[in-house]
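What follows is a pair of complexes built around chain A, which joins chain B in one and chain C in the other.
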Partner chain A sequence: MDIIFNQLTHLYHPKTPFERIALKDINLQISSQSFTSIVGETGSGKSTLVQHINGLLKPSSGSIQIGSISIDSRKKVSNLKELRKQVGMVFQYPEHQLFEETVLKDICFGPINFGISEAEAKRRARWAIKQVGLDTDILSRSPFDLSGGQMRRVAIAGVLAIEPQVVILDEPTAGLDPEGRKDIMSLFKQLHEDRQWTTIMVTHSMEDAAYYSDQMVVMDKGTVAMHDSPENVFIQIEALKKLGLDLPQSMQFLRLFYAKQDLKVIKPVFSIEDTADEIIRALKTVRKG
Partner chain B sequence: MNNLIIGQYFPGDSYLHRLDPRSKLISVFILVCIIFIANSWTTYGMLFLFTCISVAASKLPLRFIYRGLKPVFFILLFTFIVNVLSMDGGKPLIDYGVIHITSGGLVFSIFITLRITIIVMITTLLTLTTPPISFADGIEVLFSPLKKIKVPVHEFALMMSISLRFIPTLMEETDKIMKAQAARGSDLSTGPLRQRMKAIVPLLVPLFVSSFKRADDLAMAMESRGYRGDVGRTRFRELKWSSSDSIVLVLVIFLVTALILMRIRGI
Partner chain C sequence: MKQKENPIIDVSNVYYRYEKETNWILEDINLTVYQGEWLAITGHNGSGKSTLAKCLKGLIMPEKGTISVLHWDTTDKEKLWDIRRTVGMVFQNPDNQFVGATVKDDVAFGMENSGIERQEMLKRLETSLKQVRMFDYVDREPHQLSGGQKQRVAIAGIIALEPSIIILDEATSMLDPEGRKSVMKLMRHLNKENNITVISITHDLEEVIHADRMIVMNDGKVIKEGKPRDLFQSTNDFEKVGLDLPFTIKLRRCLKEKGLEISDNALFEEELVNELWTLYSTN
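What follows is the complex of A and B.
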């Protein structure tokens, strides 16, 4: 599903002394089945932007189009449920939203709210719990008896069970250990491809944005500063620095390495594998020279 | 959620803002009690005038005082109507079927309405000009004589400041969890009442869980910084009684004496 922001502006506390512009005149098109990362400094409007996509926030002016559903500031949205069924959202620290007596019931909460039959919801729960790498035994346990990492996975399963087509991830790996981060991110990448999701991820990790996504949106003070592929974004080193953003560690390393070898070139390289290749290539040129 | 005015301190640097919370608390307490002595146009007029002067001295936008009055507007209207219809005395003004309105009843109803208005205005003024934390400090000091009879005043004040401190945090959290559950198809704001009541459970359970967890963390943080209760504890925020505090108290006592004298003399 294509997602189109059309001159969207969002104000917090409109018509009070505390009025603040959170998003200003956003024009943005996120194409179907892309993996888009949204980066930017704290307070640049990343979360506000994504919360418009499943109707949690309404634009103050302008509009947003998600597939065939359109939301603008005027009318009351009648098919909000239909929209939320198609747009799943994994919030920051999603484990905070668990509340049921058993894991099974908690995962079924979403599907049943959206009118899925109980049998089907249970089938989806079993599928979802396997997807997030947990054992089906866990379904009968209380979510509050689980470890933090397991709770996170259960909460994610709760969103998977809704079987959305668009998935919004708001810093999905915050507070996880490195191993957990990698597991969760590869899980999302895998599902993105298998289920043909349109994935939108808010993240502070330049590494994740560079490595996993095919499109990047750079936010700055409520506006879209850049919208391009990670390769084209991370080549603009000076512009990124002005926006308060770092390069991925692979590129930071290469940059320093090149500087010490008196080489000027810097290429967008994101994976460990590619970084190793790039170093070998650079060393060869140095030796030749 | 943002029009909740209780505990909403409005920063400023007026005469009222600079007063010690103790003098403000004592004054408000006395004024709220003394309002029940007033029973004539002159006495109500004096109290109302005093309130208006206080509002002016606070330099607050009038809008904020109005916002404090808004929630009780219906109570005011209701009290007024009930009293107008039920109180007798003086000349009959309107006599139509069940509706009896007499001049005495009308005057009395105006007095009652004025009384509630003044009480709400004064207390709103107190919370608007006093930061919640110094409010709690003031209460602790004022009630400290009760420590002699083993009332845990310090603990109560601490509980009060902690809960005041965490109101905004809790509201943020509520907003977040509401959104998270809304994204899973549970909606608090639409649908029939029964359905909405059911949608409250997925909101309350996570809120309880996180509140307990936060309380636990806070207790741990306090203990690790050596907190051991009231005994031998000095204060970071010292309350300072200045001459303006004395002046305000003298004014209030003067007003009280005048009101009592007028009541006795029947003015």
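What follows is the complex of A and C.
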């Protein structure tokens, strides 16, 4: 599902003394089935941007097109329910939004709310819980008796059960330990591929942006400063520095490595494996040269 | 010169659980914390790190064993307020610990509770806010501050009480990279210049490698204790207890697997870089 921002501006507290431009004339096209990371300093407009995609915020001017649904600042929004069925959102700390007595009821809440029959909702819940790597036994338990990692998976299953085509992840690994972080990110990567999602992830982690996404949007003071592949974004070292962003650790290391020999090589390398290969290649080349 | 040999906290055979007949959350913990050191406590979620921290501040009492802070037993009711004042604690969520209506009120709150007289309070308010570089924000309200700024105000409130020890309970995990850097820089300064003992509970292994000493917890027990350099040199099973490895260690292992003859010594990036280029020049 393509997402197109068309000259979209968003003002907070419009027509009051507190008026502030949160997004300024955004033109952006996010392609169907891409995995796009949104990065930028706190206050650059990342969350405001994604909240337009599922209709949590309405543009002050301009419009946004999500598949066949359009939200235009000049028109009344009519098909919000349909939009939220298509666009699932995993907030920061999704486990804080669990509220039902059982895991089953919690997962079924979304689908039933969107007019799916109870039988179908239950079928989806059983399917979704397996997708997130949990046992169906857990469905009868209270969500509040689960561990933090399990709770987060249950919350994700709730989004899955709506069968969205677009999924927004707002810092999905916040507060998890390293193993939990790796597990959840591989789960999203897997689901992204299996379910052919269009995935949009807001993140502060340059490592996750580099490693998991195929497109990046760099936000700066309410505008889109860059929109390109991670490879093309991360070679713009000076520009990123001005925007207050770091390089992924792999590239920081390579920079330090090359700088020791006064070499100014910039390679977009993100995994440990590729970093090691690049180092070995460089050592051989320098030796020959 | 730091006195890293003087014990400031002593934990001896400590057991803790929420209810009788349930599993131990802390099981036979023995630990000494030395004055002026930076001690990192790491372990996966649910390993008992935060529970231990609460015991050290006297917020909860062990079921068995003893904890003494500056030679005061945490079960000694007469000393409990002294202990809580001497051990400051910064929690994970910046929004949950901001109690005042403004920055000034928030820092004053703790001092008022401790019965510090007004003149002294005003003096400390200024010094502590200047130290965390938030004095220009003295009349701001919490919603006007970033997460990192709120955490720095929380730290100002703590140092105004002149504590000997500050516990960071994943205090930077909800901050953006900028906020994280500013809080860590401030804490390093307080550790070095004010000789405040820092106990940092964290998953961030890039932070852990800079600690003087580290302990690893798993299932309520301390499973490893030592200098980061020694532990990362000798240990191969950090992944097994749900932890990651610092970037340098992962990279040097990968290079070794690919046939490069490098040592197991490098801990910091700089060290690995130097070793790699030395290797190249001697061959």
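The rule we apply is simple: the second predicted complex is superposed on the first by the 287 of 289 C-alpha atoms of A that agree within 3 Å, B and C clash if a C-alpha of one lies under 4 Å from a C-alpha of the other, contacts with A are read in each partner's own complex, and residues count from 1 in each chain.
Basically, a contact is a pair of C-beta atoms (placed from the backbone, for glycine too) under 8 Å apart; a residue touches a chain by one contact, two chains touch by 3 or more.
Every value quoted in this text rests on a predicted model; they were computed, and no experiment measured them.
A.B. asks: Applying the touch criterion given at the start, work out whether A:Lys241 contacts chain B, chain C, both or neither, answering first, second, both or neither.
C.D. replies: After superposing on A, A:Lys241 lies clear of both chain B and chain C.
A.B. asks: Could you say whether A:Gly158 touches chain B, chain C, both of them, or neither, answering first, second, both or neither?
C.D. replies: Only chain B; A:Gly158 stays clear of chain C.
A.B. asks: Could you look at A:Lys130 and tell me whether it touches chain B, chain C, both or neither (first, second, both, neither)?
C.D. replies: The answer is neither, since A:Lys130 touches no partner chain.
A.B. asks: Touching A:Thr275, do we find chain B (first), chain C (second), both, or neither?
C.D. replies: Touch status of A:Thr275: second partner only.
A.B. asks: Quick one: chain B or chain C, who's touching more of chain A?
C.D. replies: Between chain B and chain C, C touches the greater number of residues in chain A.
A.B. asks: Show which residues of chain A both chain B and chain C reach, each in its own complex.
C.D. replies: On chain A, no residue contacts both chain B in one structure and chain C in the other.
A.B. asks: Would you tell me which residues of chain A are touching chain B in their complex?
C.D. replies: 13, 16, 18, 51, 54, 56, 80-81, 84-85, 87-89, 91, 94, 96-99, 109-110, 113-114, 144, 158-159, 162
A.B. asks: Mind pulling up the chain B residues that touch chain A in the complex?
C.D. replies: 2, 176-177, 179-187, 190, 201-202, 205-206, 209-210
A.B. asks: Under the touch definition given earlier, write down the residues of chain C that touch chain A in their complex.
C.D. replies: Residues of chain C touching chain A: 44-46, 92, 146-147, 170, 173-174, 176-179, 203, 205, 239, 242-244, 247-248, 250-251, 254-255, 258, 260, 269-270, 272-274, 276-277, 279-280, 283.
A.B. asks: Which bits of chain A are touching chain C when the two form their complex?
C.D. replies: Of all residues in chain A, those touching chain C are 41-43, 147-149, 174-180, 182, 204, 244, 246, 249-250, 252-253, 256-257, 260-261, 272-273, 275-277, 279-280, 283, 286-287.
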